[in-house]
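The two complexes that follow have subunit A in common; it is paired with subunit B in the first and with subunit C in the second.
Right, the complex of A and B next:
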């Protein structure tokens, strides 16, 4: 069945916008939480300097793999582009990571 | 609250315990005046375990992904109205030949 006013496949496809927004928010929460946890672990472990950033990008790669698994590897069903699931939230989480990384380094 | 929250809290508790153990280890190192490079092996195992649990919780707890495909079964844009206010039966469909075996997909 087609909704009235459906677009042809040449144009930008219409998507369920509120579901897309909800999915993007869900990714953002996941990445923020994992950045904070990764920061705390990096601080307790005693990483200083470049090693900490390497650890952060490692955590983000594992998070990307986890998000791909959560979307059952069919990204097109849940998002409009691959960038959402791979790039989105990485640099925002970097700030949280550095903040929570510095607390244990000071205190431990 | 779901299992994800419980796992997340347990992971957080394990991390807190690892942090406390590292503080004590550092205090011992200060007494013996050695350098602190990394926590002891069992604390590192604890950190990895806590990290794994929190990772799992961080991926499982936020909302499940919803489909964005417009024409899939769970995303029907047009659904039949369920209340009687919009149902009229006195229309020209009366004149059409009716097939009593037709079934409506709801």
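Right, the complex of A and C next:
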């Protein structure tokens, strides 16, 4: 991740659009990767019903915390808003999660 | 709720696994085919650096109707002005604003008849239409073929079970192709499994194929502004409006204080 910008004491955001897009992209990739791996894990552990979705959102929360740690707890340095870390790519990954969740369940 | 169905393992071996493997492979194939088709068609595009800087190349050989890339670059320039507006003094901003949004000859102002002409020119430009068609073809043809294949070989039986219960409303979506109202909704027909794959594998493709992925093209097109390329009139107008309403706030007077803060912070370390 590259610093997309710093924020001065007054609210003059200085953002570099390219770095921001690359950061958002890396979030998207990590989320997608996690949703696929999480789906496989959920399938192997045999979660069904609501439990799987709880598991998914738990993973996404852990991912958010991980991203927060990666950005050294200063979100404003790397992203333009908190939503990027919290919800970017969560719903896009849900479909992949469901697919890869049902794979192992059928294999077993 | 209906009793548990036992799905034949032969279904798993001969339907689900082949279907998924074929879909992944077709996705990869489509990526490479579209890459192949794109590379010779890559017309001498303007220097990427120039495009990024947003400088317009007005050459004398330019036809009276603005070519396809010029309005786009004007839009980029205006957008750059808008994002960096706090770094120039008020007077400079006013001058630039007048330059862009003047009602008579501003850069972002498009006269009515001119707009129509540009539109017509864009539609008659065969190169662009060809480009679009290639892109669309590389999307649609494999999808149609796969769907036809699935329909032909694997239609009309329950193929899989998704691990969560759903309401009756989802029956049409998930049990496309079987007309049994007693089967639990979480059983998926093969045709619907195809759709589930289609959407679910998108994430996998973006991981294994890298960023410029063929499946992302649809998204990109939408961002560029509509299916048939980019509508210069509309984006010019939108950019003009947002430039008109922008509030100018010069940041540099506060910069000294900011610099002081930064230096003090450095000293403390």
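Brief remarks follow.
Everything below uses one rule, namely that the second predicted complex is superposed on the first by the 94 of 108 C-alpha atoms of A that agree within 3 Å, B and C clash if a C-alpha of one lies under 4 Å from a C-alpha of the other, contacts with A are read in each partner's own complex, and residues count from 1 in each chain.
The definition used in the following text is that contacts are C-beta pairs under 8 Å (C-beta built on N, C-alpha and C of every residue); 3 or more make two chains touch, one makes a residue touch a chain.
What you see is a predicted model, and the numbers here were worked out from it, not measured in a lab.
Superposition of the two complexes onto subunit A shows subunit B and subunit C fitting side by side, with no clash.
Applying the stated contact rule after C-alpha superposition, one finds that A:33 touches each of subunit B and subunit C.
Set against each other, subunit B and subunit C differ in how many residues of subunit A they touch, and the higher count belongs to B.
Of the two partner chains placed by superposition, only subunit B is touched by A:78; subunit C is not. Of the two partner chains, subunit B is the only one that A:108 touches; subunit C does not reach it. In the superposition on chain A, A:50 makes contact with subunit C only, while subunit B stays out of contact range.
By the document's definition of touching, of the two partners only subunit C reaches A:92; subunit B does not.
In the superposition on chain A, A:63 makes contact with subunit B only, while subunit C stays out of contact range. Minimum Cα-Cα distance between subunit B and subunit C in the superposed model: 10 Å.
25, 29, 33, 107 are the residues of subunit A that lie in the contact sets of both subunit B and subunit C, per the superposition on chain A. Residues 1-4, 6, 13-16, 19-20, 22-23, 25-27, 29-30, 33-34, 37-38, 40-41, 44-46, 62-63, 66-67, 69-71, 76-80, 104, 107-108 of subunit A are the ones that touch subunit B when the two sit in their complex.
Of all the residues in subunit A, the ones that touch subunit C in their complex are 8-10, 12, 17, 25, 28-29, 32-33, 35-36, 43, 47-50, 52-53, 92-93, 95-96, 98-103, 105-107.
Subunit C contributes residues 7, 12, 16, 20, 83, 86, 160-165, 196-197, 199-204, 206-207, 211, 251, 254-255, 257-258, 261 to its touches with subunit A in the complex. Residues of subunit B touching subunit A in their complex: 11, 15, 18-19, 22-23, 26, 36-39, 43-44, 47, 50-51, 54-55, 58-60, 62-72, 75-78.
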